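Worksheet: the structure to be examined is printed underneath.
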């Protein structure tokens, strides 16, 4: 347990968490999850939208039943919090993360500012200089299934992008086994991936009853995937093409791997079962997954299979882009950083939500 | 606490609940909610679909992460359960309810078989004779906001239809105040109201990007609304027109009331605040509601207002047709029948789910 | 045939039509329809969007295969055109209409600026003073089914709003027969009714998988409906409530009429058959209509029926809000003003489009 | 012009066309297109659904305004027709095609029964023996852009599948240039591809707001694509994965090609411009296409491009699966077989429809 979570006389207290950017698509869901978290306190929520200040999150979005008033981050005493989730766009995020770290908060940054090991990669793909290059070294890439140990001791997390989350979980077992010679990723996302508010969010007309590729070539998530797979030992080519599909929340990643050697179905299944059978938030499916299977959960559902002549490996992976691809993964990271059970306060389907509670009842953290 | 919930030596045990018809739209959600319920046990789930027997609910619907195997109700020892939710279509439900009551289970029936006070009304609207007319008298109409006391001591609940749930909650405060001279209900439902499986469920093509009225005149929910409003004292005309809209889960009910006398906005607001401010699952909104505001919750969101010249009252009410209009309301009724907190095990937005847990932590039922 | 359509030596030439505001939802469709019109020439298309100038409409919207370059209206010689459709928002439209009329073009204005008989009604509901009050008297309300004769000799048409088109066609036979004592209209529109571009168009997220009433009380289409029904003799109350539904193009209007006297089904059907059997673009349906039945056509599909006890009349009417509720009705009006067959160049389903051509082949307008 | 189209004394008459299977998704659209065709007569329409017999197509589907009564094919004098489109499922189609060919009709078969050069390939992938193996040799694969000459003299056409239409048009220029070493096709289809009626059509619930791969590995369209590309000289591997996306009509095919040698963007563009600039129904787009760009048209919109390092070629192709992927391509083939202009009676966007007519006005076929 973080020292933040105990007061002077040994009693445990809920860590106080700040959500910065709580009127965005990811930030509002982080706030809702924290508001319902049994062992974390949503202590403040901020917005950069002047019209939102003074209202509650519930006033702005009735579906988020969170009564914390929205404030400006400039008006807060940052030292009064233990942790923060920053849900700003890339660019404005870094300086705020700098101030929060200076005030000794543990921080999860949900955008792209702290996902890369080197500022120059960031600068090349995001087209701007990095606001806090000195913090890059302490940032850990927050994919718990790959870096659980590092995350547990980290002070700053770069929360993964939605496409990288699904793509890396789809590929990691194969890459670690040295089985990938070449890879193509055809990814499809629901529209909430483009944000909740403002002029940038796609309109209904022109999006509904249509689909299209976008950001080709050169989507920002491509170097993120490359860097993480590289860290697992991959040195081959990677092609990444995202598509916009008329659903709200959901992401489907179809991965086409040319293997380095022949592999049979039993070996393939064993590889994924071995990698993920103990993971609370990865399901290895026995059939083709549907994005609806994991909607509004922190689960990544993965199905590996061989092409009919065995010459190619397919991996289909699906997540909710706002949950495992954003807000609930941020909570998963916060839990690890703060010494809580990894699934604490993360509903996953109704059932999982309540089961989480059961597990806490059995081994209460306050003991 | 029901005696069902304690064993011989005074220790409390979770009541064992059977879900009959767990592969339907309402039944599968009831099973999921029970599987995650902290103080009820999903003890068995049945299906009338031979292909489903022996599989788990998770096998059939991956989005429901429930590992209870599906069985045939004929193979079960009904006396081994404390309670049941029957999610059969109208007709086949009644005889099963008869057997379950004979085995002394408390029962929530989710279809239309036990919603009417008289068999002849049922027989007129449903076009068949009633399978268990002797049980009609003991059945209580399960709208907790109106009949909480009766439900608490009932052995058999007729769980309300989705349209009646929203319509009656929209109208009850006005009817009880004697303010309704005439009423028109234009109701719009998502497609899941027509069921999850089989030939009866509307296809995607022809439903998507379209909308239409249906079941006019003479939808079965009209006499249900009339009977319940009649019980509150309403004797005027009622027009009810349902429409199918291309969403999955959601229901919006627009109610047009000709008032018996002039009423001003302040009186109108006070009437609804008075009726619902203490209700855990009714929100009186300050603006026009959206069906998405309550999706996947047990909440009915209501907004009353006057037409610009004050001559007519509008009430807009929205629910999730599968939750408050079906499965989660069944749990709400079960909780009341079994002496549990009314909101126990009912997520309502993420936040509400966890708050429910907090309230239990403060006053544990097992003490 | 308008003199505009013949040159000096007696040969018929296609009238030259200008579309002002061709990058909006209605204007772009008007341009496409004119581009395919066999007897009208799309002579120019303008946009108020600086980024669009110099591009073709096809460049901006690939689905509109129209190669006319987009220009600024200020750069055109207005006297070189015979007719214009103005598809501007209310407000900016009126001054442009003034200039076009001064240059002696016949004009269809697609917004609200010329739909009302008196400037004061416009000013009350649109919240601004009227830009060309002197032109109001010459403007004719462009609902051909009610004002075909007036339209044929008009120089300026106020093209009806989408909701009024469906609502008035639904009600006209009853109102003309003096059968309406009171009326409630619950109207549902697809999202394209809110426009194609810019910050005002609803986003996908928050609109998809949701529905909601809006603009209550006091939508601008309400006084338009009242004025037109008043012209047919109606003096009673009118309630109008619009709802936003997650479809792209389509509108469904449910009309609830309290009749002035009892009416039987045969009389009701005869009334509508009598009113509409000769209309090329009104279908009296024998069953409940679906908005998809008329998508991408100029057709209004109407179904009148009695409530089960005969105390109330229902009329269900559906149109495509961008076609009969906008662009194709503008073409219908242009045809009437310019002496062309009313259905000329208006596809109505694939079949109707080609049949239109057949009718021209039989009696060529150039003879 | 086919002799079928002239009577004894030299006057041209419209060929009489039969549509068999007119209550299916493709057949009903074929019937509508023929009903509006200026130079073909929809002479009869049949259904295998007993409930439909005696009704008109308009009665069954109000959106198809076709008043031809539906009959049973057994009741027709097949010799009274000149041509037929068979829109049956694979299997039942072949014997009917046999009877129609025996009666000397020219036939377009819309299913998979006559798409393969050898019965054994059909039998392997469709899991049944072929009903009319002797007719396979005379059948021509009906992709006009590749086989226009053969189609013009054919008596029997196997109308291509929707996925093969888009995939082959995407790949043909590269394959013909010998540039393809390896190819992966990730294809996404709207739901109408699975049919309009009956138990096989996907339901709204479970399809809406979701997406998923299906039929992997081994979709029937894969060998069809392989055979056609093979005929163009391709001998490499091919991977084909289809996905179901919640739109009604539309198909997007993302093709990933490993080239046999380096190619620069200019060469790539020139290759596609050269192949398609004269094609009436293929658009080479300058940017990424959207499936909505071609909805309800016979157009295939294609965009080739290089990955950022030039190591891989992407081709994005989109069609309407029911139009170019089915019904309107059948009309295109009929036109070619019967000596009519290739685009006759095929609307393509409103504008294209009417332009088709213009071209006929300039060189009338009846002269």
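Order of writing sets the chain letters: A, B, C and D. Residues in each chain are counted from 1.
Definition applied: a contact is a pair of C-beta atoms (placed from the backbone, for glycine too) under 8 Å apart; a residue touches a chain by one contact, two chains touch by 3 or more.
Just so you know, these numbers come straight off a predicted model, no measurement behind them.
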item: Chain of greatest Cα-centre distance to subunit D; value: B
item: Interface composition of copies subunit B and subunit C: same or different, split at half; value: same
item: Centre-of-Cα separation between subunit B and subunit A, whole angstrom; value: 35
item: For subunit B paired with subunit C, centre-to-centre distance based on mean C-alpha positions, whole Å; value: 42
item: Between subunit A and subunit C, centroid-to-centroid distance (C-alpha), Å; value: 48
item: Where subunit D touches two or more other chains at once, by residue number; value: 206, 208-209, 246-248, 289-290, 292, 295
item: Complex contact set, residues of subunit A against subunit D; value: 184, 186, 188, 190, 206, 209-214, 216-218, 237, 239, 241, 243, 245-250, 252, 254, 256, 288-292, 295, 305-309, 311-312, 314, 316, 318
item: Subunit D-facing residues of subunit C, complex; value: 32-33, 35-38, 62-66, 208-209, 283, 285, 289-290, 292-296, 301, 345, 347-355, 357-358
item: In the complex with subunit C, residue positions of subunit A that touch it; value: 25, 191-192, 196-197, 199, 201-209, 246-248
